[in-house]
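Handing you a structure now.
Chain lettering (A, B, C and D) follows the sequence in which the chains are written, and residue indices restart at 1 in each chain.
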Amino acid sequence: MNQANHSRFPAWSPRALLRNRAFLTVAIVILVWVVAGFAKPGFGSYGHLRYLLELAAVIGLVAIGQTYVVIAGGIDLSVGAIVTVSAVGVPLVALSGDGSGTFAVLIILVAATSIGFLNGLGVAYLRIHPMIMTLAMATFLQGVLILIAGGTAISAQNPLLAWLGNARIIGIPAGVLLWAVVSGAALAVLHATPFGARLYALGANPLASALSGINVQATTMAVYAVSGLAAGLAGVLILGMNGQGYVGIGDPYLLASIAAVVLGGTSILGGSGSYAGTIPGAILLVTITALITVVNASAGWRSILFGSLILLLLLLSGRESQRR
Amino acid sequence: MSSMIRTGDDRLYWRVQGERNRGLMGLFAVVAAFLALYAYLFPGLLSVAGVSKFAQSWLPLALVAMAQAILMLTGGISLAIGATVSLGAVIAATTMSGYFGVAGGIVAVSASGLVIGALCGVIAIRLRLPAIIVTLAASFIIGGLALLILPRPGGAIPGWFSDLLAGNTPAALVLVFLVALLWKLYLATPLGLSLYAAGENPVGAYRAGVPVDAARIAAYAISGLLSTLAGLFIAAQTGSGDPVIGQAFTLNSIAAAVLGGVGFLGGRGTMRGAIAGSLLLSVMINVMFFLGFPPVAQYVAQGLIIIGAVALPQLTARFRRRP
Amino acid sequence: MTPQAIIKANGLSKSFFGNPVLQNVSIALEPGRIHALLGENGAGKSTLINLLSGALAPDGGEIEIDGRSHRRLTPSEARRAGIAVVQQELSLTSDLSIAENIGLGAYPRRFGLIDYKALARKAREVCDLVGLEENLSTPVGDLPLGRRQMVEIAKALFRKPRILVLDEPTSSLSAHEAQTLTRLLQRLRAEGTAILYISHRLNEVMRLCEHVTVLKDGKVTADRSLQGVDAAGLVRLMVGRDPGDLFPHWTPSPERQTIVEVTGFSSGLLRDIDLEIKRGEILGLGGLVGQGQEDLLLGLYGALPASARRAVFNNVAGLPSSVSRANALGLAYVPADRKREGLHLIHSIAWNMMLPDFGKARGLSRRDPAAERKLATELADRLSIKGDLTRQVQALSGGNQQKVALAKWMPADPPILLLNDPTRGVDVETKREIYVLLRRFAAQGKAIVLSSSDTPELVHLCDRVAVMREGGIAALLEREKISEEAIVAAAMGAEAAKVAA
Amino acid sequence: AAKCIKGDRKAPYTIGWANIYSVPTWMKQTEGTIAAEVEELKKKGLVDKLVITDAQGDANVQIQQIQSMIDADVDAIILIAGSSTAPARVVADACAKGIAVINFDSLVDTDEVTAKINTDSNEWGDTAAKWLIAELGGKGKILVLNGPAGISVSDDRRKGANAALAANPGIEILAETNTAYNVAPAQEAVTSLLFAHPEINGILSLGGALSAGAILAMDKQGRPMVPITGENARQFLELWKEKGLKSWATMQPNWLGAFATYTAVQALEGKDVPAFVKVPLPVIDNSNIDGYLARAKDFPADGYIFSPYDQKLFDELLAAK
């Protein structure tokens, strides 16, 4: 029996590791760090790498939701707007008697989750294509932002956020720690729960999933809600790190989150991939950005270099396996 | 066994065209309603000048919607559309008033679009890299090129050419029809029609003798061409070049295509749908203006209109559908 | 005098990721002969034809066409040599029309453009050959599975092949369509076409073919004339030992209590149907393809909007409103189109088997990998699915894919099984296993609804057969009345009436 | 009469504001000054309606919206251009129709407008560079932070600094960045640059949010503060005070919006207005920063503390040649 079981579930092999996108992406990150560290003194310093991780934490958090959504066969174009809404929103809901600021953060996270949930509702019940639904939601949120932002003096005097943005625990920035904890949870949910399995099912073949008794609607709504929550969390973190939110603060995270997901080996077509690849994907992205920043060249050349680097690294980290 | 030509067989092409309208009637109705509303709010629309001006603002979006749709039909997507539009505009504005003149400029713009598109296609398809991230990288490279050519807005388009394309003539409308016609012509070629098969079922298409890779790379090239031509038109319309003018077109082209029922996984959708989608996005802006919406309402309404335009036909078709 | 072979494969071998799938396989196709290629699921038949048509490159060996040998045959060379392959609905594009699909890759041109007039004419010719009456402009996506298969065949004929390869062409065809195909093949044979025919329906093979090549585990175990071979002999060739009866002995189940009852049931095509399903029975659904069999199954399963004046499922009143609800009521459904509706091709075999459980379990509970592996291994053993269970399902042969689609419901032990053509593409041995399984389920008191395009299956397996026609039940045959003739007659009733009218 | 004005339009006027993007705080504040001005003018019976469009950052949409304003026959269009070239033709069309076109902040390369109103971006860069060079004594290593590439405003500010920088070979530019005029991207970029360059003596920043981002980056790394230029962004001014910096800032006053509205009505009323109104750059330095910060609470936290204005100021500006 054991013998049979073995042939049916072959043991893990080193060769499989080399075909693993997440692993390859990690290897590339390390490679880039080493090369850049030698080429640009200061780049590879501990402090800088730690800072890159802090930046990656924000992208990484947003990309949790994006990874989930993409695996489930969708895409979320509203994450940037949700990040902004939550970063701008926390001060607005600051309540007296909420000394630690926890309550304000919780309210914002609930709001962000609800926005995601609405996305899911549109996708699941109105059967609106996720791109259209989330793009429309992003537009909608812009309108909301005009209403809520900038009108009054808003600045974040929130102790919890200040801690999140600045504290170091045994030398590790609180934001990175938060990312690590949430990532652990995200990975566990993705790979060790039936909910995670449902995402893979949905992304690979929604029809077969429905006929197998998976509640497609509920799963869809849940996954977009998770995406909203993750973006909300990222918004809160970025507010903590910056001390202040502003309209447009979330804009860079839309394409960054998608890029991190795809660089990490998750198929944009859905059904396969893992957040394990997105993590190094996010780190890779901030690393390249930092690298380009320190190159002294005209804006045009920097842009060209950035694009070429992404292409090159993509070539290394592996190709999309052919899909039938 | 007799093989009698059956009624309708002789008009196969037109019947096929008719079938392709199915599923789009809802969108067509929404677009028509908006056009009617626009004409009601602004009766001046129903004049040569009115139509001309509206068509001018719509044409670039229609072109990029087509550029995106053709890729989506093959199962690809491009995030480089915006940058390619900018590049087209910049090349037009720097070449046309130079030695080679307007004709040389058109050639340069077209050639750069074809080449850049084909390159993206070759990289994405031959190297089997995911299109979305290849084109994201390409958008930086292409955008960088545009900045190198024209670091800040400038350049010039000869006045007569601007007036020809974007004066008080319905040239833009004619161009829309012309491009649509060329598209129909392309779809009537074996390579063109292969798009659908190559998008939906590449393995099967390959086995059936469809040059799958060629069809896809050609789609990328055409997409690049349409994008730079949109840039050329914008340059003519504005009389100059701007290295970041196209940025918004990336997402808008996707929105228009998806709104028009073009599927994300390849092989599903029609160009007429994408064009209708772009028309809706374009006319919506004017309608909201004439309804006097303040910015907040513009954003909110825009979101709702887009959702509504997709949801309504979906909901009505609901009962005929499988889960 | 034996005619010269048009195409010959000599010593072909092929392996995937180091697993040999074909080893030293030789085969020769002659004009005017229908050549059967038989073998169990996964024996390598499809792979062999992929080599013959240039879709895959062999690792070793060569292919000889008209005496010219090719080491590496490309698809276009193969096509030019006159080889056409009927894949199983694999190469159709749903948004294109029937005519455009038929001509795909070989469009008649005029000034570089597709000549739609010529296309219509030629497409109509081949459609007539295969009995496709539909409008040529109909998008293929609108057609039911069986019709799509006919389009696929028409597409092969469109190229006027000298060598026609058919990979399980009849597996989704109704008896009527299969007959059309039989006549067609006989005609092509008479015209001198070389035909390679893959099927798991041995009676067809017996009726049609003159010569057989049998593959077992990637090796040729027989290459001989079919003369003097009977069905049992064929099976013996394939499995290498004496076959038992294909169908298990039918015994009535003791329990015949009604478990599902619907009156005035409508869904999809179906209008106002009354039906009772009993524990311990296999209720067959027969008839031409697309007469509402699938709508009935899907409607009962909560996957298609349905209504009924009265409905009782497992003592609960009302129709299930959703699939999860249906599952909770004890229903399970195995779809016909396994690739689109049944399986997650990019996921592993084991993962696919766990799917209903993933749908049912509490979302954030913990998965138990050890238990999952154990269960998957058990299921695989039970349905003799061999090898590594972490392989993607798409790397399985068609028959084995079907087994996976069936296997995933077994752990739930549902009392009501809705099966839509469950033995499509399944080899005889496995078929037999499935039949035994179904009868055993019935004996255990489960209710089984079996929609099948394979009439013998209905005859030998079912307690009752409902023959469907135009969205209604044309006849409900009790055990003693069930025969191929009765089923076909009931199914054709409408056709006959139409012709008469 | 002023350019574009034909004299056939009578009060009360309909004013169209063709905004490029109304979501950023600077724009919201500007819209505030415009709305306030319109209220004033309504009281005088000069204006009856303000129509606002938002092109969502897309210069093409802005052209379309200006066209709609022409179609709707508004009396005046005030414009912040999304591109320095793109709206030129449609603006000329408006001008030809007798619509008063007042272009402020981001200007269009055309003369077919009633008036352009702006501070001088070249001068901005030039003064900033000179201040920094003087502060560094003509010698030192600096970073240059600039707004997005390909935009005239950022390009002009940067070009303005060129002459002064070239004249002082002792100043070494370690690196230049282009980011959106926002805190977070600037902070990111500067952080990386700080790691790459252990010695930095000054920062030439050509935008307020950029300066704030730079200070936050230095602060977080515990790097000593260096002289830095900036703009009237509230966050920057507060950081300046908090960290006790040596700084210099100027501004693009939000009341340019109100001023443009006022100018439009003046032109429609038949007054002659100059084709280009150069608004002097207000300077904030250690001498007057407290005055600005005293009013801080009246402005959004992520907004800009602009200098006070009144109609007298407007009249003076219009009168100056």
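Keep this in mind: contacts are C-beta pairs under 8 Å (C-beta built on N, C-alpha and C of every residue); 3 or more make two chains touch, one makes a residue touch a chain.
No experiment lies behind these values; they were computed from the predicted model shown.
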item: Length of the shortest touching-chain route, chain C through to chain D; value: 2
item: A-B against A-D, pair bridged by the larger set of C-beta contacts; value: A-B
item: Far-end chain from chain B, centres as C-alpha averages; value: C
item: Separation of chain A from chain B, taking each centre as the mean of its C-alpha atoms, in whole Å; value: 30
item: Approximate Å spacing (C-alpha centroids) for the pair chain B, chain D; value: 35
item: Chain B and chain C: spacing of chain centres that average the CA atoms, whole Å; value: 41
item: Junction residues of chain D - those touching two or more other chains; value: 22, 56, 149-150
item: Chain A residues counted as touching two or more neighbouring chains; value: 142, 146, 207, 210-211, 299-300, 302-303, 324
item: For chain C, residues contacting two or more additional chains; value: 303, 323
item: Interchain contacts, given as pairs of chains that touch; value: A-B, A-C, A-D, B-C, B-D
item: Chain B partner contacts - residues on chain D that touch it in the complex; value: 19, 22, 51-54, 56-61, 63-65, 67-69, 71-72, 83-89, 109, 148-152, 155
item: Of all residues in chain A, those that touch chain C in their complex; value: 4-5, 7-10, 189, 192-195, 197-198, 200-201, 204-205, 207-215, 222, 271-272, 323-324
item: Complex contact set, residues of chain C against chain A; value: 301, 303, 322-324, 326-327, 333, 335, 340-347, 350-351, 354-367, 373-374, 376-377, 380-381, 387-390, 394, 408
item: For the chain D and chain A complex, residues of the former touching the latter; value: 22-25, 28-29, 56, 149-150, 173-178, 180, 182-185, 187-189, 191-193, 195-198, 209, 216, 220-221, 235, 296-303
item: Residue numbers on chain A that touch chain D, as the complex places them; value: 40-43, 45, 47-48, 51, 55, 91, 142, 145-146, 149-155, 166, 238, 242-249, 251-252, 286, 289-290, 293-294, 296, 299-300, 302-303
